[in-house]
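Labels A, B, C, D, E and F are assigned to the chains in the order they are written; within every chain, residues are numbered from 1.
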Amino acid sequence: MFPTQKVKSLVGKFIQVEMKGEQNILVGKLESVDDYMNLLLSETSEYRDGEKIRTLGSVVLRGNNIILIQPFKE
Amino acid sequence: MFPTQKVKSLVGKFIQVEMKGEQNILVGKLESVDDYMNLLLSETSEYRDGEKIRTLGSVVLRGNNIILIQPFKE
Amino acid sequence: MFPTQKVKSLVGKFIQVEMKGEQNILVGKLESVDDYMNLLLSETSEYRDGEKIRTLGSVVLRGNNIILIQPFKE
Amino acid sequence: MFPTQKVKSLVGKFIQVEMKGEQNILVGKLESVDDYMNLLLSETSEYRDGEKIRTLGSVVLRGNNIILIQPFKE
Amino acid sequence: MFPTQKVKSLVGKFIQVEMKGEQNILVGKLESVDDYMNLLLSETSEYRDGEKIRTLGSVVLRGNNIILIQPFKE
Amino acid sequence: MFPTQKVKSLVGKFIQVEMKGEQNILVGKLESVDDYMNLLLSETSEYRDGEKIRTLGSVVLRGNNIILIQPFKE
């Protein structure tokens, strides 16, 4: 399975994302992903040191500024 | 809905944008977006910690330096 | 009007540009712009906190490192 | 052997990766790589100063934010 | 004249370049430039606060990490 | 000679590379380079202030995060 296929396989599930220029981790339900790894998340929250610090709702993340994506484990 | 379609669906509405290399959040009315997620905003303001600190008016934001886009909730 | 068209409409006028990796704002007369948003400015100056701190003359700015472009308001 | 072929030759082996915006080194088993050098790793861990500090499991790393890839030597 | 044409017009002349991730300014004779604004410089030196601090000789600079190019004025 | 040709001409020789997000300089024997300036180096070492601080062996460097490449002068 290629990296982008792996990301597509996570649609409908909660993922966590590290962004360049974001100290906190974003956790949200993956609604869609395109070939540039741009992401649409819903029910997004910001986490710092394992604690939820902010609720963001629906967000679009720019693919080229993503560092790391992984399934969310609470 | 794909991430870029989500952004296009926000044309005419106020959005908030986090840019790489900008500590503050930009809030403006989305006038247009292209396939690279370059954005044209009008009535743009800069916010820090939830407070408006500067009025910018009409701005163009370079897509590849966008971190996060979301609908603006006052 | 798309974002790049907006930038093209500013040719011949003074604009201000925030670059990644530049703390100061660049102000110059926009001579040309290409599809990557690379910019050629003339009569360029560097501004910090609203004050002109350096004169640069003719400069080329790399499009992918641009954060924000706006018309210059003195 | 070209750089991307070198990376492909490491599929099935443990590699270590330095990412932009990550102080720690990521070590994982390379499951797949695409033409953009996006990586899918399994059994991933984070290392700081040679010590494992966190277990991440399965992660996708965005190719354009990779600095350096090398075979893992314990 | 488009931005890349401007850069090409400087071949054979000394230019100064600001790079992302480089605090110092690079000054060198522009030997060649390609469509990505990758640059080949000869007789390159590093300048800090207007003083030459290091001689580098022949260097290749990666276009997408260039912030600003201008003709060198001693 | 174009910038990428210059880099190709260095295959088989030792080069030094400055990477974005790496404080140290990497020195290694250039094994191969592709059109994106991704590099495969062997016998790589990390240098800080002119002193070798670490031996890395075989590494792949991502082209878009390269700042500067030059022939290595011991």
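Here is the rule we go by: a contact is a pair of C-beta atoms (placed from the backbone, for glycine too) under 8 Å apart; a residue touches a chain by one contact, two chains touch by 3 or more.
What you see is a predicted model, and the numbers here were worked out from it, not measured in a lab.
A.B. asks: Which chains lie in contact with each of chain B and chain D?
C.D. replies: Of all the chains present, those in contact with both chain B and chain D are A.
A.B. asks: Moving step by step between touching chains, how few steps can get you from chain C to chain D?
C.D. replies: Shortest path length, in steps: 3.
A.B. asks: Farthest from chain A by Cα centre, which chain is it? Let me know.
C.D. replies: E
A.B. asks: From the centre of chain D, which other chain's Cα mean sits the farthest off?
C.D. replies: Most remote chain from chain D, centroid-wise, comes out as C.
A.B. asks: Indicate whether more than half of the residue numbers at the chain C-chain E interface occur in both copies; give same if so and different if not.
C.D. replies: Chain C vs chain E: different; shared/all numbers falls short of half.
A.B. asks: Quick one: how far do you have to rotate chain E to sit on chain F, C-alpha fit, nearest 5 degrees?
C.D. replies: That rotation is 60 degrees, given to the nearest 5.
A.B. asks: Which whole number of Å gives the spacing of the CA centres of chain A and chain E?
C.D. replies: From the centre of chain A to the centre of chain E is 38 Å.
A.B. asks: Quick one: report the Å distance separating chain D from chain E, using the average Cα coordinate of each chain.
C.D. replies: Here the centre of chain E sits 33 Å away from the centre of chain D.
A.B. asks: Nearest whole angstrom, what separates the Cα centre of chain A from the Cα centre of chain D?
C.D. replies: 19
A.B. asks: Of all the residues in chain B, which ones touch at least 2 other chains?
C.D. replies: Within chain B, the residues that touch at least two other chains are 20-21, 64-65.
A.B. asks: Considering touches as defined, can you lay out the ring of chains in sequence, from chain C by way of chain E?
C.D. replies: If we begin at chain C and move next to chain E, the sequence is C, E, F, D, A, B.
A.B. asks: In the complex of these two chains, what residues of chain E are touching chain F?
C.D. replies: 19-22, 26, 31-34, 38-40, 56-62, 64-65
A.B. asks: Which chain A residues qualify as touching chain D in the complex?
C.D. replies: Interface residues on chain A, with respect to chain D: 1-4, 6-7, 18, 20-21, 37, 63-71, 73.
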